[in-house]
Amino acid sequence: MSNVRHHAHHFDSAQAEFEASKQGLWVFLVNEVLFFSGLFVAYAIYRVGNPDLLKECHHFLNWKLGATNTAVLIGSSLTMALGVTYAQKGEQKKSANMILLTILCAFGFLVIKYIEYSHKFHDGLLPGALFHNHELTHPKAPQFFSIYFVLTGLHGIHVVGGIVVLFWIWIRTLKKEFTPEYFTPVECVGLYWHFVDLVWIYLFPLLYLAS
Amino acid sequence: MSHHDSGHSKQEHHHHILPVAMAVKIWAALMVLTFTTVFVAQFDFGSLNFIVAMAVATLKAVLVCLFFMGLKYDDKQNVVIFTTSFLFLAVFMILTFSDLFFRGDVMLKKDEAFFKAASGPAKFKKPWNSTPEIVAHGKALFEAQCVTCHGAEGKGNGLAAAALNPKPRNFTAADGWKNGRKPSVIVGTLTKGLNAMPSFAALPLEDRWSLAHYVTNFGPNIDKDTPADLAKAGVDTSKDTLGAVESKSVPVEVIMERMAEDGKK
Amino acid sequence: MFFVTEALANNGLPQQGSEYATRFDSLYSFLIWVSIFFFAIVVVGMIVFAIKFRNRPGWKAKNIHGHTLLEIFWTAVPTVLLLAIFGWGWMLYRDLRAFPTDAMEIKVIGKQWLWQFQYDDGRTLTGEVYVPVGKPVKLTMTSDDVLHGFFIPDFRLKRDVVPGMHGSIWFEATQEGKHQVYCTAYCGTAHSGMLASLYVLNEKDWNDWKHGKKINVAPNELPLAFGGSAAPSAAPQGGALSLVDQGKKLSQTKGCVACHSDDGSARVGPSYKGLWGSQVELADGSKVKFDENYVTESLYEPNKRIVKGFQPTMPTFKGQVSSEDINALIAYFKSLK
Amino acid sequence: MSTTTHDSGSNYLNHSKGIMSWLGTLDHKRIGLMYLWTVLVFFFIGGVAALLVRYELIAPGQTIMSADAYNKAFTYHGTIMVFMVIIPLIPAALGNFFLPLQLGAKDVAFPRLNLASYYVFISGAALAVTTLFLNGVDTGWTFYTPYSIRTGTSATWVLMGAFVMGFSSIFTGINFIVTIHKLRAPGLTWNRLPLFCWALYATSIIQVLATPVIALTVFLLTLERAFGIGIFDPKLGGDPVLFQHFFWFYSHPAVYIMIIPGMGIINEIIPVFSRKTVFGYTAMAVAIFGIALVAFVVWGHHMFVSNQSDLANFLFSLITMFVAVPTGVKVFSWVATMYKGSIHFDTPMLYAFAFLFVFTIGGLTGVFLATIASDVHLTHTYFVVAHFHYVMVGGTLMAFLGGMHYWWPKMFGRMYNETLAKWTCLLIFLGFNVTFFPQFILGSRGMPRRYYDYLPEFTELNRMSTHGSWMIGAGFMIVAIYMIYAIYKGKVANSNPWRASTLEWQTPSPPPHDNFAVTPVVTSGPYEYHD
């Protein structure tokens, strides 16, 4: 594929196509926010309705691991942003490395999540009917862990999706398909990845630091 | 909508490129904020913790949006689009709360009216003193509430008695009253419940007194409460009424149990 | 087309069973007249314009872009009117939610697919409930399984019955006699069979009934689809009907007919027809004779031995049917050759 | 308004051959047609279910099916008609075809996403319809808990289907929003935008904002069925009423996803056949947005008797009243548009008349249900069934048929049999009212909905309703026959048979592959007629 990119026939300039794709992604992110909204509503209901619920439950969440994951994701956001910057400047090599770093951070995040989950499974801190932990006696604790698992689970699925698209643009960058004129995919994947970070920025204090 | 009046109008602003140094600064800021929020969470400032945590999170989110996601330099349309989503998230929350946190008589625990004759003015003066009226009232209550087990004559031979062990109290017999047959004691039993007999705390206190007076009348001899007993039962004889007549709230399980029993009758 | 006029009587609303219903009906007829008015404006306008300004030689359309004043007018007027309607509706609704403290309370339990009514004296009725005329009655309702809806059209009164919650409604009946109760929240197979009859009794009947005496009020007009006509029972004991009739009536008032037909057609459960004395095949393949013992067991522990091809959904009737009732039911089953 | 007249025999239909050239096409017109045919197939299935339901109800007691079969029949009717027919019907089929044409664009912003949305839709629909061959589903299209958790039927599949189809709807929404923002022809300013585009714009916004919530809701419900996460299940301490909030936060706006595009079509038809501009263009556009926004804050009026708090009842009843205001503005403006017009009675206009008639009834009966006291009596009864059929069938479907008759010559370059079309329109209109008007009375007299069996006093009205359903069924059959006949044998139509002035008529019929040889330049409003 050549470095000169011909825009699709229904746009009258590559610029117009870039703007359109980017806006499309923003609209997609709107839909993402509303997708998580239901869970935040449910969370709020249980939090406000049972003030002591989180006090009791968050002791059973490992805030150290949570904080580490926050740091990991923020780091990946930096590398992602740099990846976009270098792509815009046409520095393919650096861009590719930054994207690779982002992918590694994403895997790191998942590994830590896996450790957390396995502890929860071991302690029987499971959603709803599966819940069987004897130290945590709050009647609504099963619901709390339902929300915990669905929220972090869906976020986790978004991370996995992120890894897939990051990998895709990494390959394309290595193939030198992007130029200072055409880097739409990098930009869009970047936006998506920052959104994934955004969700976690709220999940961390809401789930782990609730006192 | 100025320069968007036509989708085809050229927008010749070159892309803004986020400088590497700037990106690193933002990253540093985000890390600092993360440490702050974790640090604060180690102390208990009550509801303040939550406010701080949310404020910090929002600050971080804004930084990410403005710089990493480049909204600061982006087409204003996109800014509007993205903010809309939070507007509707708020609508979703607020209106759902307008139900969830304002349920009136719906939930059992809040539904005082669920308990029979829960409130209302006191019917009798000094209900700890046995009078024909109060005994008559007790009789009515007894026939509604007690005959199934204790039997119409208070012999403890009601329909359900057969199934019960120990057998329901026989009020006509003087024997077997561990705590004596004083009304105050019976009121206590009615409130706490005994063996198979559920708590009748749902009945207003003076109704429980009325019952007590009625059942003592079954017996061979009538025990009177000494002022000491009354004091022990927490009755202020100087007053005319027992004070608050609204029922003590009864734990949900008790009601459920009772309903289940009703079902079996 | 007689039925149309008959159906449209009282704006197509059922009889007025309570004082609230009459106030409701005035709101309702107001809404109807407002609707007719606006409907007329739109449709008449449409027809008149269509004829007057039809395309014809010599006639040319005038291009009109709008008329601000007119547009403001038809925005403002409906707004005001709608707010008024809201206010009226809310005032009525508030009365529905203001529970009199002296209301007699009956507890209602909905289960698939019958209604149970518990009085404070411990009396439990299924599929029928008796209330005094002119006295406030409060129903506190909950469900054993799924959502149900308690609906008394004659009282213009409805509320969902939600498992795990207790919702209440209240009414003060003015119209003696029978009022139909429906389940309005879809609850599965026999949803449309989940009916009950609410009898409003005058003071004398009410006192008699309370003390278990026999009373005779307007007979239950349940159609055969729901188990044919049944006289209300002088609960808790049966009236002076023949044993077979008592059994038939019980099978209706206890809600059996929601699931068991007497004409051989299988509903949720097997039909009684020709069942008596036959060998019934059970889910586990074994056989059992449909006799007194099996009938009794099926009433007390319904899900112990299920007939092949049916689901274990029947609730227990322990404590709700006396041995006299069971004898009556058996006599009834025998009669269904 | 500039017209581009280029005459080569090549158009989007014969531009490339072979089944693959359709299945893999990125042409919005072909994707629109594929949507159209698919949706119409589901419409047929849903319609058959409807006829079965009506036939069962022709008399009390069992007529043709068991209670369980009946419960499944009305569930499939509801689910198919809502998720697989009315929601994609106008936006995804007609919208896909005509939005770019009306904007003077060569295609939608993201043609690949557009094709993807079609296949996502197909797979979701497949998931849902498969259950027909398993043990079916009997929850009703509302999936209320806890019944939907307990029922042994294969509800999970349908929930999955709804989840997947949700994304096709979201993709279409994203696509349209960006297309309208970025791909309008030079000179096509916001205040020159055809009202059909405004309608699709508002619809797309609702699709993007509301659909994700139902996706999450059915996802949670699936988890509830699978693991018992206890959010909605009272047995595990969950709250069944919360489910209704989640469900209606989408499903009420969804009602406007269904009706607003219909309003858009009527907005196109009435000016064209009155030969004059629409009355109060701005008010019309604003009203569409008013409705779309209010749509998000009124969902609780479905729950007045659900045991939700009285505060919520107060708020929702109050806010709901304001839906009627913009709706009224639109209806009045449509009538006013005809004033001093020169009205042509072609089939599309007849459907517009029918629309005004039934939609007005549907709207006004909505006020009955918004008023809380009367809703307590009417909700869950046949009154509600009648009301939303007057809006959905009477409104959306009438508008859709109007649009089909209006745009058919553009889509296929052929005319249908005008006389036959007019008589069929009359038949459908009568059949519709015979079917659904009696249901208002059934409802107000107390017959609950979703009833397999009913008291004898309701018999005549039910029989009448069933007979009406046969008239509608026959009507749709006739339409299908003469429309398909028209594609092959109909007389050739010129590029602008109705002398309309919006851009889709400024290109040959059927339109060429890339719509416009020369990008048109817009110089005036959409409905400026000077004849």
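Here the chain labels run A, B, C and D in written order, and each chain numbers its own residues starting at 1.
The rule is short, and it goes like this: contacts are C-beta pairs under 8 Å (C-beta built on N, C-alpha and C of every residue); 3 or more make two chains touch, one makes a residue touch a chain.
Quick caveat, the model's predicted, so the values are computed rather than measured.
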Quiz item: Where the contacts of subunit A and subunit D overlap, which chains show up?
Solution: B
Exercise. Taking all protein C-alpha atoms shown, work out their mean, then name the chain whose own C-alpha mean is nearest to it.
Key: D
Self-check item: Inter-chain pair with the most contacting C-beta pairs
Solution: C-D
Quiz item: If you average the Cα atoms per chain, which one ends up farthest from subunit B?
Solution: D
Quiz prompt | Inter-centroid spacing, subunit C versus subunit B (mean Cα positions, whole Å) | solution = 31
Self-check item: Between subunit A and subunit B, centroid-to-centroid distance (C-alpha), Å
Solution: 39
Quiz item: Cα centroid separation between subunit A and subunit C, in whole Å?
Solution: 51
Self-check item: Shared-contact residues (touching 2 or more other chains) in subunit D
Solution: 105, 181-183, 209, 213, 237, 239, 241-242, 249, 307, 310, 519
Practice problem: Could you list the positions in subunit C whose residues touch two or more of the other chains? | Solution: 97, 165, 167
Self-check item: Residue list for subunit B, restricted to those that touch at least two other chains
Solution: 7-8, 77, 84-85, 88, 92, 96, 100-101, 104, 106
Quiz item: Which subunit B residues qualify as touching subunit A in the complex?
Solution: 7-8, 10-12, 15, 17-20, 23-24, 26-27, 30-31, 34, 37-38, 41, 44, 49-50, 53-54, 56-57, 60-61, 64-65, 67-69, 74-75, 77-78, 81-82, 84-86, 88-89, 92-93, 96-97, 100-101
Quiz item: How about subunit C: which of its residues touch subunit D in the complex?
Solution: 3, 7-8, 11-14, 24, 27-28, 31, 34-35, 38-39, 42-43, 45-46, 49-50, 53-56, 59-67, 70-71, 74-75, 78-79, 82-83, 85-86, 88-93, 96-97, 145-147, 149, 151, 153, 156-160, 162-165, 167, 180, 182-193, 223-226, 265, 267-268
Quiz item: Which residues, counting only subunit D, touch subunit C once they are in their complex?
Solution: 60-62, 67-68, 71, 138, 140, 144-147, 150-151, 234-235, 237, 239-241, 274-277, 279-283, 305-307, 310, 313-314, 317-318, 321-322, 324-325, 328-329, 331-333, 335-336, 338-345, 353, 356-357, 360-361, 364-365, 367-368, 370-377, 379-381, 438, 440-441, 444-446, 448-456, 460-461, 528-531
Quiz prompt | Contact footprint of subunit A on subunit D as seen in their complex | solution = 100, 105-111, 113, 170, 173-175, 177-178, 181-183, 208-213, 215-217, 220, 223-224, 227-231, 233, 236-238, 242, 246, 249, 514, 519
Quiz item: In their complex, what parts of subunit A are in touch with subunit B?
Solution: 12-13, 15-16, 18-19, 22-23, 26-27, 29-31, 33-34, 37-38, 40-41, 44-45, 48-49, 63, 67, 70-71, 74-75, 77-78, 80-82, 84-85, 88-89, 190-191, 194-195, 197-198, 201-202, 204-206, 209-211
